[in-house]
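Structures follow.
Both of the next two complexes hold subunit A, though its partner changes from subunit B to subunit C.
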Partner chain A sequence: MNKPSSAGAPPRRAIDIVNASLKRRYARERRFRLIGLTAVVMGLLFVALLFADIIGKGHTAFQQTYIQLPLTFDAGLIDPKGTRDPETLRSANYNALIRAALRDVYPDVTERRDIRALGSMFSVGAPSQLRDRILANPDLIGTTQEVWLLADDDIDMLIKGYIDRDLPESERRVKDRTVEWVERLEAEGRIEKRFNTIFFTHGTSREPELAGIAGALMGTFYTLVLTLLLSFPIGVGAAVYLEEFAPRNRWTDLIEVNINNLAAVPSVIFGLLGLAVFIGLFGVPRSTPLVASLVLSLMTLPIMIIASRAALKSVPPSIREAALGVGASPLQTQFHHVLPLAMPGMLTGAIIGMAHALGETAPLLMIGMIAFIVDIPSGFTDAATVLPVQIFLWADSPERAFVERTSAAIMVLLAFLILMNLAAVLLRRRFERRW
Partner chain B sequence: MHSSTLLILLLGLMALAYHFGRKRAISSAGGIARINTLHSLPAYYGLYAALWAGIPAMLLMALWSGFQNEILIAILKSELPPSLMDGLSTGQVGLMVNDIENLASGAIVSGSVTPEMQAVADRYAQLQRFADWAMWLAVLAIAVGGMGYAWSRTQPRMRARNRVENIFMVILVVFSSIAILTTLGIVLSVLFESLRFFQSISPLEFFFGTLWSPQTALRADQVGASGAFGAVPLFTGTLMVSAIAMLVAVPIGLMSAIYLSEYAPRRVRSLAKPTLEILAGVPTVVYGFFAALSVAPLIRELGMSMGFSVASESALAAGLVMGIMIIPFVSSLSEDVINAVPQAMRDGSYALGATQSETIWRVIIPAALPGIVGGILLAVSRAIGETMIVVMAAGLAANLTANPLDSVTTVTVQIVTLLTGDQEFDSPKTMAAFALGLTLFAVTLTLNVIALHIVRKYREQYE
Partner chain C sequence: MKKTLIAAAVTLAVTTLSSQAMARDSIWIAGSSTVFPFSTAVAETFGRESSFPTPKVESLGTGGGFKLFCSGVGVDKSDMSNASRAIKLSEYEQCQANGVTEITEVKIGFDGIAIANSKSGPSIDLTLGELWLGLAKDVPNEAGELVPNPYKKWSEINKDLPDAAIEVLGPPPTSGTRDAFVELAMEGGCDSFDSVKALKKSDKDKHKAVCHGIREDGAFVEAGENDNLIVQKLVANPAALGVFGYSFLDQNADKVQGAKIAGVEPTFDTIADGSYPISRSIYFYVKNAHVGTIPGIQEYVAEFTNDKAWGPDGYLADKGLIPLPDAMRASVAADAQALKPMDKPAK
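What follows is the complex of A and B.
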């Protein structure tokens, strides 16, 4: 028993000390839990903010402003000789048509400066829009039609509300005169926003209203196909060797350490490698899907190997023993029995690796993918760019209209990434086997 | 006449060889009924023939297309008429050869075209056509020859399976050494260029100089012709951005890992964890856009309203966004190690009357510390090597400053900017990029090796 206290004070038992401190300790517990919750909420908030910001900026880019104009396809301007020769039709001055139409609609505008301002309401691509129409249907010549013409990016921004009409004129990109015209057109119902097909069918351009992601998408497609063709077989082969056949010695240890380290090497370094070895040493043409996919294959290879090895590890040894037992050779065991069973896991790894390659930008900057390429590439050795690099280039452009187009391109990129990751998850759910 | 056509043709030939090899094996055994006299399954004889048809031909094709151009240029140079070569330096001859190549392929030429040049270009085009034809013939001949050889070797007693498997084994070994070759390629290419760089600029100046302005002049006598290559401002800039990123990522990442693994109900966990991991899957160029166009203006306005002067490309914006990017990296790595702490240790602590947070602080975190530190080191190496965010949101000005509201530049930004212009391949500017790359590679490699070592060593303790 404890010694009774001499002073007559109540004995301080351990439980009392504990009880006295409990309130403080519980408060600390709650505080700690709250901090943890805050951290999670902050992380989730960042996700929400990022997506909200991108979508908020980009959703308007899927629409494009068009202006309606009653336009006379004057035979004297398009085809003075009446031969309907496609060459003549192609080289006719369609800009003059638009100017003539504007003269009819705005007879009161006479000053040179104002006439030019009127003309610049339309995109520089509007004449070629007319040309394509005439080439497709030469019978239009001589008739008067209501045509919808592509608006300039400034007008587009004004209609979409990115340019504040209440600002003083000197601080606004669009002058009062033009705003007046636009408001008149709006009142007459001659301005319309339509789905932006150009964004999905054209290559890039200096003019935001003519810029599209088709070129970048095709470049990405060629790059990824070649990357997959290169890195998947090599990754699977390396994984099979390392996991199933390699003797445990210094050399294989070295390979193993190497693969783990390669997975963590900064991606710029791979750009340096591509520049020095593939372009400098082997003379692979710059800016092509070929050189991009070589670099990206080396980058995704560690991911592929690690995923494939994990998939091979999950196949139980009994499968191998059974195959060997009935007389299959080691390679037959692998290719006929182990690989098919590990395939879903390997494919999941491949999709994740491809998603990685799809979003990669930095190394591609150094191997010339930032060249300004308008044409849509049609092969592995055509000069091309890829979607993330296109985003980088557009993000650098000063025009306000490129901000929404960049965001829209990001939305497309993210959509592809989400699709790929979903595919990986579904594949895993559908085919995962637990032994 | 594209070389990809030839490749497809070769693949077709291989399929043909497979078919014939298989047939031949069966017939040499005396029909399908007596197939058991064959050493291997008929398919292996087919594969044997296909490999003989394909591999030598493909090797030849790779070698030929690798060297064709250089040999042709050498022939061309030896044949250049002296009238064209008169009084030209070697560099100018190179330019002219380039022009001739462009002329022959029908591309735009930089200089004026003389009839002599046109003649040489025609000759070059003719040589090229000839070489292409020769390659087609040689490759196809080798393929058919290989097929014939395999045909003649196909007898019931040939051990086709063993031969085919040996070839496959060799291919597997080659595949697995590609990882080593990649590292070797990185080290050699970076090292080689860096050594050349350090021949013109002393390493002492590079690693300890405080002035970075890599403009080199076009002419030697130009004002300010000598660029300055003191990389200290880049190192401090990199460190500052990474430090800001870690200040964001480590507390949030670590705390959410603790909350998700120790407190969160299963439902919350199964929702919050994948959502957080989205952050890891977003491409860095998207973060760069977010940092440059949304976060940086926000910080600038906020700073202005509080009376600070904020650069429009502040280190703070880049660091913050980079931190957001690294959160899931820190949290998933820490969650792994926290989950690896045995339940018995928690139970012991609870049995002594500790609250959950006390258990976490006094038991779990000390036990998981090495793993967490390893994870953080990996995250630091990620932050140092991150490129797109800083390229888009941090500046180009190499300021030696400790103010996070100022604009700084980083090693990766400089690598990218030095190499994206139209540069001579061997100007000090491009070689400086390789020297920076070498530094970056060495630092991140060291961090990774240490981190992986710690993580692995720690795991062994509880398994």
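What follows is the complex of A and C.
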């Protein structure tokens, strides 16, 4: 049953067919490579764009404007009785000191409105800055010092060039008179940008110049530590049981399917669950690292279990058989031999799960973490917020100066994410064994 | 042995938890995201200048705030509720049913809603009626019958308006700003048409649907809760208009300009004296039963209702709050500091 061949043509050899299509096949491969490369380059380009945008906007937040003022620590204003009682020193009117100093420097400013404008060049945090200085060193009382005071966020924006001085006055938040004062101060070298330590040591604030990420960082720290403590043992335990001990039947199949499903559940669902069960039923206090870590543990557990099971699967059965062969009990086999070998993979899974939890906001919205909390939390049951939520709140603030601070906070968050992922990679490189 | 250990650990954990939950020494405020910037500013100053800890302020939205506030009395319920509208009768009754009987209502000022476009675009002056025609789902035709909104350009509504496609960026329905915009601007606009106004008497539900219905053909873009984002989008697109809170207009006066509504520009003064039509009152509510249990509530109310905070020269004015008129401020402050319980709201 030969096929009717075309008239008189010699039979084609396989090599001819291959040769004829070779060029096309090579071209196809080149095309595929090119498409792949373009995809990767595009991806990198967008990442670079994102980083450039965030760093471009945020790098200025690491500096903060200060204004120098010759200031007399008038004993009559701070401590009229001369008792040096810390309570008196604490409650003294330090704003009056600044006003008095301004009167000396700008004797020509007399109108009430102008005096107000002059005073508002300084942050509302400047008086407490002075108070802390006096409390630390009461001997300053009665002396005159050149002090650097925190500038208001509008002045900070002006100095950093975010406010265009050439615009008409009505369109600027900083009025002509203030610009004049600032330019005079600049000419005298009394304005300086310094490293913004407040950003790293303070909790949040409604005043951009006083706002910091310390509170959110501590909240994140407590939340992640507790999440790790809760989810890692449970995750590893569940993985070991399911992988090594559980009988294969309909129940374990059902559990496995459910774990895989849970890994794909939108994270906000866990927040709703946390609100209903942990807060509603068990009365866990709202807005605390405790409830946040409970919710995030639920969220990371499936990821952790799947990663741990994969790590256990990659340990060759010969190890188990050898251990059992020399008389180890199944439990000893697991804990002395299999688990240590699977640990690097499990830890990698844990770190990636933690990185996931670090960047998570959606479930926390439900459990009262979108809150304005100034005080830095000092425990698992203190009200706290976390870094991504802090970024969310700052991004929503009207003050112009929060734009750079939002970007700066994003930079800190990204740095932590990169560090954690790097740790996961290094861990894998260092300890992973191949068979 | 192990079991007893575990049981002991669990009991210990539960007791420490519940004792933690029992004692709360800081004030807990929850509610509107519009009032959030003001409430937090007061909370921070209060924390800095008083001997009490800084109150915790949650941004849940007005409705979410009342839900929590009215869920009962106890340390695990909020002490105060921020609201960008007055409490509704249904919410008040919910409160009463859950034992929150005495509530002090404190009106703190006004918040304007600006319709704005980029500085590089034309300056705009429209009436609420024109705004409604531009944004409503159904509009009356010449015969007074409702037809799907045919307008594509502002100039089709009024020749004096710019010859540009209607494109308005605004907040999504979950936002209090959107509620206020719909109630004040849209409803105010639709009632300037007699045929629609007549509906109010004959068919109230229909009237509401017609007035509150925003077109869904792409002319109104829901741009998210973040007002900063809307400002950025306006700068990028000079032909578009945006709807957001007055404080964002105030902070971004170099980038965007507020549209005049029937000749009235949105400014501090026009909103304060009520001549700018799209403005609303904002409030906070105090649970009187918590006064005395949670320390500092009365002092916080005093701090808020002090002229150095909510007065025309106060720090809240810097944050964009439009203060109440002097006489009203004095009387509200007196009632608030005396924690005078409010009466049942009318609706």
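Following the convention adopted for this analysis, the second predicted complex is superposed on the first by the 395 of 435 C-alpha atoms of A that agree within 3 Å, B and C clash if a C-alpha of one lies under 4 Å from a C-alpha of the other, contacts with A are read in each partner's own complex, and residues count from 1 in each chain.
Everything that follows uses one rule, which is that a residue touches a chain if its C-beta (ideal position, glycine included) is under 8 Å from a C-beta of that chain, and two chains touch if they have at least 3 such contacts.
Keep in mind that this is a model prediction, so the values were computed, not measured.
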| item | value |
| --- | --- |
| Contacts of A:Asp53 with subunit B and subunit C, given as first, second, both or neither | first |
| Which superposed partner A:Ile78 touches (first subunit B, second subunit C, both, neither) | neither |
| Subunit B versus subunit C as contact partner of A:Ala92, first or second or both or neither | neither |
| Partner chain in contact with A:Val403 - subunit B first, subunit C second, else both or neither | both |
| Superposition-derived comparison: subunit B or subunit C, residues of subunit A touched | B |
| Touching partner for A:Ile370 - first (subunit B), second (subunit C), both, neither | both |
| Subunit B versus subunit C as contact partner of A:Met218, first or second or both or neither | neither |
| Touching partner for A:Gly43 - first (subunit B), second (subunit C), both, neither | first |
| Contacts of A:Val277 with subunit B and subunit C, given as first, second, both or neither | first |
| Touching partner for A:Leu226 - first (subunit B), second (subunit C), both, neither | neither |
| Shared subunit A contacts, counted only where both subunit B and subunit C touch the same residue | 282-283, 370, 395-396, 403 |
| Subunit C to subunit A touching residues, read off their complex | 17-18, 20-21, 26, 30, 33, 36-37, 39-41, 43-45, 47-48, 53-54, 56-60, 76, 119, 225-228, 245, 247-248, 250-254, 313, 315, 319-320 |
| Residue numbers on subunit A that touch subunit B, as the complex places them | 18, 25-26, 28-29, 32-33, 35-40, 42-44, 46-47, 50, 53-54, 57, 233-234, 237-238, 240-242, 245-246, 254-255, 257-262, 264-273, 275-277, 280, 282-283, 298, 301-302, 305, 329-331, 355, 358-362, 365-366, 370, 380, 388-389, 391-392, 395-396, 403, 406-407, 410, 413-414, 417, 421 |
| List of subunit A residues in touch with subunit C within their complex | 116, 124, 128, 163-164, 167, 170-173, 205-207, 282-287, 290, 368, 370-375, 381, 383, 393, 395-400, 403 |
| Touching residues (chain side subunit B, partner subunit A) in the complex | 4, 66, 69, 161, 165, 168-169, 171-173, 175-180, 182-183, 185-186, 189-190, 192-193, 251-256, 258-260, 262-264, 272, 275-276, 278-279, 281-290, 292-294, 324, 327-328, 331, 353, 355-358, 360, 378, 381-382, 384-388, 391-392, 412, 415-416, 419-420, 425, 433-434, 437, 440-441, 444-445, 448-449, 452 |
